[in-house]
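Written below as structure tokens is the structure these notes are about.
Letters A, B, C and D mark the chains as written, and numbering starts fresh at 1 in each.
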Amino acid sequence: MITTLVNTKEVIAARVAREMKDGDVVNLGIGLPTLVPNYLPKGVSVILQSENGYIGLGPVTGEIDPDLVNAGGQPAGILPGGAFFDSLFSFQLIRGGHVDVTVLGGLEVDAKGNLANWVIPGKMVPGMGGAMDLVTGAKKVIVAMEHCSKKGDPKILEECQLPLTGKGVVDLIITELAVFSVTEDGLVLEELQEGVDLDTVKEKTAATFKVNPNIA
Amino acid sequence: MITTLVNTKEVIAARVAREMKDGDVVNLGIGLPTLVPNYLPKGVSVILQSENGYIGLGPVTGEIDPDLVNAGGQPAGILPGGAFFDSLFSFQLIRGGHVDVTVLGGLEVDAKGNLANWVIPGKMVPGMGGAMDLVTGAKKVIVAMEHCSKKGDPKILEECQLPLTGKGVVDLIITELAVFSVTEDGLVLEELQEGVDLDTVKEKTAATFKVNPNIA
Amino acid sequence: MEKVISVEEVSSFFKDGMSIMAGGFMGVGTPEKLVSALLDSNIKDITLIANDTAFVETGVGPMVANNIVKKVITSHIGTNPETGRKMIAGEIEVDLVPQGTLAERVRAGGSGLGGILTPTGVGTVVEEGKEKITVDGREYLLEKPLRADVALLKAYKADKAGNLVFHQSARNFNPIMALAADLVIVQVESIVEVGEIDPNDVVTPGILVDKILV
Amino acid sequence: MEKVISVEEVSSFFKDGMSIMAGGFMGVGTPEKLVSALLDSNIKDITLIANDTAFVETGVGPMVANNIVKKVITSHIGTNPETGRKMIAGEIEVDLVPQGTLAERVRAGGSGLGGILTPTGVGTVVEEGKEKITVDGREYLLEKPLRADVALLKAYKADKAGNLVFHQSARNFNPIMALAADLVIVQVESIVEVGEIDPNDVVTPGILVDKILV
């Protein structure tokens, strides 16, 4: 079924999609996370929140409206039943626990559930945008990222080295190799992606982790 | 001109009206203050804010709408150019300094600009409603009240005895006898109402006050 | 998820001892049918959070008059003599909160804030028991968030997804209470299909609304 | 008071060293004509408060690119390489604020609050220099109010009294900035007579709006 997913990002997005429950209010970060809706299981539909000010984010329909963009600034649409609001209200929803799931990319994640994804000092300083509020406020925080950096360095660490986006905020880490949950006792390997073995994950992960006994 | 004002409340309301500037955003307390718009000088119109959630409070026009009441819960109207909002926004306007003038009644006012008008312990405990926010947030606070209580006791005191509505918040006190401003040095008698002499005011005021030299 | 319920289903959401927020200003914008269902459901020891206790016969007033309320958090009780009488008799506890502060506390509770700093109440009895914090030379009271188990709200119109619009001065506390309760039940005057309310006109988005009673 | 102004009058409101809030999210909902008038007015040392610094050529981006800004308070600079370049070169100061916190600070500034307590940023560099306050066992940062001398906003439609409605996702920071500046100037796509906007539909009441540019 998912053997047709040749692309790493697609593998990750498809696995993230399986975390969604019907009716969930979901905020998706820029990039990889925006692929998630393409892989929602049958019977599951989610409501997308766009932090620039609406509920019901959907694809562009008809003409492009310059006043209607997603949180990446790209042309977007709104589905029937959606609603616009201002930035204050948008973050009331986010911080107030009215968003069920947020999916973000990561530069580093660690065994304590810390996430770093907004700055590489001296190199890349885009700013945190809405990410700090999202990881603090959403009920479930999923980090969806490639397991290692482009150089091949592990991104799942014992302790993040980069400035944090949030402290102890991550619930689930989904990569093209594995799925980890973050628990009070640290990371637990919950699943291996298809065709991946435990040794590969151990080798490419710079944090200790427990293994869910369900993994053969 | 105002010699036709036989009623004490009308005398007070008419004098309060002369404090209004064209275009002022004004919140009027329940009772006496609601008479103020009847006495606005020619060329002066004010915009009334109703703390239950709108700008542009006006008289009932046409049929009574059960969803449209003033802050006293009485049927009201809205003028063209008005706007409805929720209670949060209403008090953002009030606390945020977007209301130019508030006019309230008083049980006691003192030489430090303290106001007590929301509770008589053990006797009358209506609650402060929006009064504490109004005296804290409005740019100008006018206390409009009869000079003495029904028993004849002075209501302008050296120091309030009742629990306060606000500390150091009053700018102007207007009664049927006189107009006082509250300054850093205490009360200043700015005006005597028509036909009132200084001795009467001294006798009925339980606070020391300076007298504006313009008063003959 | 089907949000539209019948009046018979309402009572299943109520439990002894729960906290309930109710919209309305002197009864205007209060969901009378929901209050009535609450009265019929025979529960007790409610903590009621509302702008005021309205009148003995209208708004949330009958909740107080009918002995189901243990504590009220409100800005004004003057129009319902039963509230004052029961308070003096020690039958209910009344926590009086300035109206703007009440609105801020409810919003804070619904918005993930730990509180707000307001100048309102400084130098009055309202400051008793509260932390005072000085910011840039001015004193403020730290006012904490308020939440409830259930919010009973009234709106003018809903679509079936729960998007709400309000009418005239009946809006008052309803939109902020929609943020601040675990279960949000809204009584509406009319209901329309999803898509019939322009997304620009929605005041409260449907994701905040759990149940709708027409 | 006549609120409608011509584009020629706009520059009279600008002064060296002033603080300016501008609405918009990556340029959407930014009043391009007002930004353009600002660029033409030859002022300098502005403190700019905006959600992001948009792109070099659009939104508030040209303000940064054209050297009139001394300091930016914003949540995101990643789409405008000029902001990052000037920051690293020490030509401008950049104060990065989480987006939700920025919205709260602007609202606090416009609503008479001394600040708000947010969990956002706890345990990160954002907490540096800020008071940490524990409420009911959870840590929050005390975030202080933000105000500006002038707000440059964009709305979809205004009536001549300044009542505003917004369009789609172009609303963003505009309504809260209308509360938080000494002078509020709004660029609108169309203007109608007083009374033509239903009071139930108004998002920003006219009393907050000083000047309107069509």
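FYI, a residue touches a chain if its C-beta (ideal position, glycine included) is under 8 Å from a C-beta of that chain, and two chains touch if they have at least 3 such contacts.
Note that this is a predicted model, so its numbers are computed, not measured.
Most remote chain with respect to chain B, judged by CA-atom centres, is A. If you average the CA atoms of chain B and of chain C, the two centres end up 29 Å from each other.
With centres set at the average Cα position, the gap from chain B to chain D is 35 Å.
Among all residues of chain A, those that touch two or more other chains are 54, 78, 84-85, 91, 94-95, 136-137.
Taken residue by residue, chain D touches two or more other chains at 104, 107, 112-113, 118-119, 166-168, 199-200, whereas all remaining positions touch fewer.
Viewed as a contact network, the protein chains fit none of the simple shapes, being neither a path, a ring, a star nor fully connected. Pairs of chains in mutual contact: A-C, A-D, B-C, B-D, C-D. Contact residues of chain D toward chain B in the complex are 1, 107, 110-113, 159, 161, 163, 179, 194-195, 199-200, 202, 205-208. Residues of chain B touching chain D in their complex: 23, 25, 47, 49, 54-56, 78, 80-85, 91-98, 136-137. Residues 50-54, 65-69, 71-73, 76, 78, 84-88, 90-91, 94-95, 114, 124-133, 136-137, 163-168 of chain A are the ones that touch chain D when the two sit in their complex. For chain D in complex with chain C, the residues that touch the partner chain are 104, 108, 112-119, 131, 133, 135-136, 138, 140, 142, 144-145, 165-168, 199-201.
Interface of chain D with chain A (complex): residues 25-29, 51-52, 74-79, 84, 87, 94, 96, 98-104, 106-107, 118-126, 156, 166-176, 203.
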